[in-house]
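Naming follows writing order (A, B, C and D), and every chain is counted from residue 1.
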Amino acid sequence: MSARERVRELVDAPGFQRAVVAVIVINAIALGCETSPRLLALHGDLLHALDRVALAVFVVEIALRWYARGTRFLRDPWNLFDTAIVGVALVPATGAFGVLRTLRIFRALRLISAIPSMRRVVSALLSAVPGMSSIAALLGLIVYVGAVVATKLFSGVAPEYFGDLGNSLFTLFQVMTGEAWSDVAREVMDKVPFAWVFFVAYIAVTTFTVLNLFIAVAVSAMEAQVAAEREPDPTTQQLLGEVRELRGELRELRAEQARQPAGS
Amino acid sequence: MSARERVRELVDAPGFQRAVVAVIVINAIALGCETSPRLLALHGDLLHALDRVALAVFVVEIALRWYARGTRFLRDPWNLFDTAIVGVALVPATGAFGVLRTLRIFRALRLISAIPSMRRVVSALLSAVPGMSSIAALLGLIVYVGAVVATKLFSGVAPEYFGDLGNSLFTLFQVMTGEAWSDVAREVMDKVPFAWVFFVAYIAVTTFTVLNLFIAVAVSAMEAQVAAEREPDPTTQQLLGEVRELRGELRELRAEQARQPAGS
Amino acid sequence: MSARERVRELVDAPGFQRAVVAVIVINAIALGCETSPRLLALHGDLLHALDRVALAVFVVEIALRWYARGTRFLRDPWNLFDTAIVGVALVPATGAFGVLRTLRIFRALRLISAIPSMRRVVSALLSAVPGMSSIAALLGLIVYVGAVVATKLFSGVAPEYFGDLGNSLFTLFQVMTGEAWSDVAREVMDKVPFAWVFFVAYIAVTTFTVLNLFIAVAVSAMEAQVAAEREPDPTTQQLLGEVRELRGELRELRAEQARQPAGS
Amino acid sequence: MSARERVRELVDAPGFQRAVVAVIVINAIALGCETSPRLLALHGDLLHALDRVALAVFVVEIALRWYARGTRFLRDPWNLFDTAIVGVALVPATGAFGVLRTLRIFRALRLISAIPSMRRVVSALLSAVPGMSSIAALLGLIVYVGAVVATKLFSGVAPEYFGDLGNSLFTLFQVMTGEAWSDVAREVMDKVPFAWVFFVAYIAVTTFTVLNLFIAVAVSAMEAQVAAEREPDPTTQQLLGEVRELRGELRELRAEQARQPAGS
């Protein structure tokens, strides 16, 4: 057995997988504890040490899996995901890269790639994305057109909501989620009474489009389910058996007939 | 007829079931009345007496059912549910256990186990839970990662929302339900203008995940329904009849053929 | 042709139906105009006259339809609906019955019974109600138990939300719709930090139950649709034709065989 | 090749389509930039020139497509849509028509007609509209009746929400979307305690109706999908093959029988 085969055996062992999951969970909890100034003051050294150990474990783990798989390693997008998440942590997080320290918690997302059932769920979610792209683009177009119109019409009336295009885009995203839209609308309507036309039309159109976005996802989920489960009707199966026996009997009949003339 | 059989007959009688339901309803109403200081002052003795009588009835009822079923009693989770709910009431509700007095109203939930149609509905609801567990775990992971990031980035900016990890978890649960998220986001964005990226991304991801959680429930509900109803296509049934008659006729033909040579 | 037959012909004429719809619409608009003090001051007499004329038309219409149908009239629930709505308007609307004047606008709902497509839609909606009753009862039970618990725990802390049982029921209905629940929860949590457990659990349970209520409606709607559309698979139909021809051919074969011995 | 055929070839070329899409996108971005006073001050001339060039391109494009297609051009509703959107921009946008300048951004919606996948999505969305019309009309009727009742009962109590019929219609639309309904309800209930009956009933009825509106859309979407995909069960196909071979064999048997008597 070559060294590579021995490594492959190691990384595929259930114990190895479970150990990695455990390290991810411990690391995620430690990073959660780091958000508490009190815990950081008391056990800061321990938490940082835990973080460095976890990072070391991940680097070794990914190196082993890469060695075991060879070039095929990079063909699996989940491996790229793992490598990217761990790789980010190796960038020196100082100066302009300070925000990268915050992203260390993204390592908790490695739970997704490490646990097969989570991986399946996320794959299923992602597989619904392409079917949504056209409706999502349409929704983006509607929000953009609405934002340009709203900025033109209401920027003087309610500058905190529609002051510039960015503001309007955020406000219309908010209205689309149905959050506090009446506050926005009533403030604008104080000055521009006919603004209700804009808001009611916008809500009707976006709600209808979002609904269809959701339906597209639901339909594709159900189809996948139905296609996977589609099994022939048991009666049809039974019928097939009957017809096959019928053919057998007919063949016997022909054989008998073929023997008969000789016997008569 | 043994004593146990006679008890079993008693507890299975529809009248017994109905009487228990009536006691549960009366007890629930009495506990509702107890929340009113005025009613408590006027009829407090009556309400407490009703409560104690109801409790006594439940204890006797469960004891009888336990006796009637023997050890099989504990195998039905609904019986465990009943026993636990009634058992809690027997703990002396003083001192640290004062909150247990509040839980007496949970006895009203015994309606679920006492009425068959409610029991079926709840069983159906619970049967959808395992199918949700992976997506629910994913959602929990997303909220946790979001909370750690938000605490790191916004704890200084909006301490009432993101002051510590617990606070952030609650706020992000609130944002996930779409409740007043724009208040939170606008307050943070006053200080950190690019915070909109976090909120829009978080809302998009959680909405999409929750949607898929709902679809998973809906799909499993529909499947259960479809599987229960699946009956063979009537045309296929008709076809099966035709093919069977055909086989019969062919058999008769063979029989005729077999007789024929002898007769010719 | 008897008088009754002639009346039946009249009330079934499309023109009669259309005239009634027109009167309903005019009456609804007139009642809408009556809400404006300015219009009422200007054209009050006209509006009241329109209302009385419409009422007279409805009374005559229902009397004619009743006469035309005889006792069968009362068997159709839509006719009972029409009669009740018009009958209410004949009660003298003075004193304690003043609120009944407000209910005159309910006559606009006669549009539902007068337009067949609306009638079908409402029938379809109502047919979904029985399938919802068990889950709706469960939801009511959950809200009631929640309200008793909340009143006990929070009545001192947030009396405007949980002051008494009625208050709590309304507040929990509000929380169930997801409306401003964080305002309620944050106010309570100021005093009772662990109240988040109650709110998160309550929202999770009611959202899940409401979702299943919706799914029950959706599933029953789809089933009705599917059942209505279910038509045999065309291939199965084709197959049935093949098998029938096969039987015919086999029968011919037997007939030939029966003739053959005589001919040989 | 006639001039018309050459033009037809030109407008059908993928390059032509892509160029039009590019002009639409550039025009939309330019119109977005125009909302910024700072960008308008700096590059106003460029932006206006871009707008005029884009408009000229659209006029030429539509003229060419019209010439290429002849009278059939106006039979395609998408062409009417394009023509109307571009035509609006040719109206002199001064005085009372000043608002038309704002509508120039609607040209961005030409992306829908210019990109086939967007066109399909919008066609699919619009095809769901007729199936919704009856329920939408019912919803409109419910909101109207609710608004008349609310104006009568609450106009004195909460004039900012229910002051006149228009106000009430807007407020009830807001309540229907579930937005800040508790603010409205609590303000009214301060004066009219029993108003909760109105709000709870209104929310229950409209939520149920809206849900059914959504289900109608979802069901029709799924049906369309299912109808498009419906393919015969593979087992049934197999069965059909078996039965056909069976018939063939039976026919051979008859042929043999027909030869046999002559040979015996």
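Operating definition for what follows: contacts are C-beta pairs under 8 Å (C-beta built on N, C-alpha and C of every residue); 3 or more make two chains touch, one makes a residue touch a chain.
In this text, all values refer to a predicted model and were calculated from it rather than measured experimentally.
Colleague: Can you name the chains that touch chain A as well as chain B?
Modeller: Looking at chain B and chain A together, no chain touches each of them.
Colleague: Please name the chain that ends up farthest from chain C once chain centres are defined by their CA atoms averaged.
Modeller: A
Colleague: Enter the angle, 0 to 180° in steps of 5, of the rotation superposing CA atoms of chain A on those of chain D.
Modeller: C-alpha superposition angle, chain A on chain D: 90 degrees.
Colleague: Taking shared residue numbers divided by all residue numbers at the interface, is the value for chain C and chain D over half (same) or under half (different)?
Modeller: Both copies, chain C as well as chain D, present different residues to each other, with under half of the numbers appearing on both sides.
Colleague: Round to the nearest whole Å and give the separation of the Cα centres of chain C and chain D.
Modeller: 27
Colleague: Would you kindly tell me how far, in whole Å, the mean C-alpha position of chain D lies from that of chain B?
Modeller: Using C-alpha averages as centres, the distance is 38 Å.
Colleague: Going by the touch rule set out above, which residues of chain A reach two or more other chains?
Modeller: In chain A, 178-180, 218, 222, 233, 236, 239, 243, 246, 250, 253, 257, 264 touch at least two other chains.
Colleague: All pairs of touching chains?
Modeller: All touching pairs, sorted by chain label, are A-B, A-D, B-C, C-D.
Colleague: Help me check something: in the complex, which residues belonging to chain D touch chain C?
Modeller: 134-135, 137-138, 141, 144-145, 147-149, 151-153, 155, 164-165, 168, 178-183, 185, 196, 200, 203, 208-209, 211-212, 215-216, 218-219, 222-223, 232-233, 236-237, 239-240, 243-244, 246-247, 250-251, 253-254, 257-258, 261, 264
Colleague: For chain A, which residues count as touching chain B in their complex?
Modeller: Listed in rising order, the residues are 28, 31-32, 35-36, 101-103, 105-106, 108-109, 111-112, 117-118, 120-122, 124-125, 128, 170, 173-174, 177-180, 214, 217-218, 221-222, 225, 229, 233-236, 238-239, 242-243, 245-246, 249-250, 252-253, 256-257, 260, 263-264.
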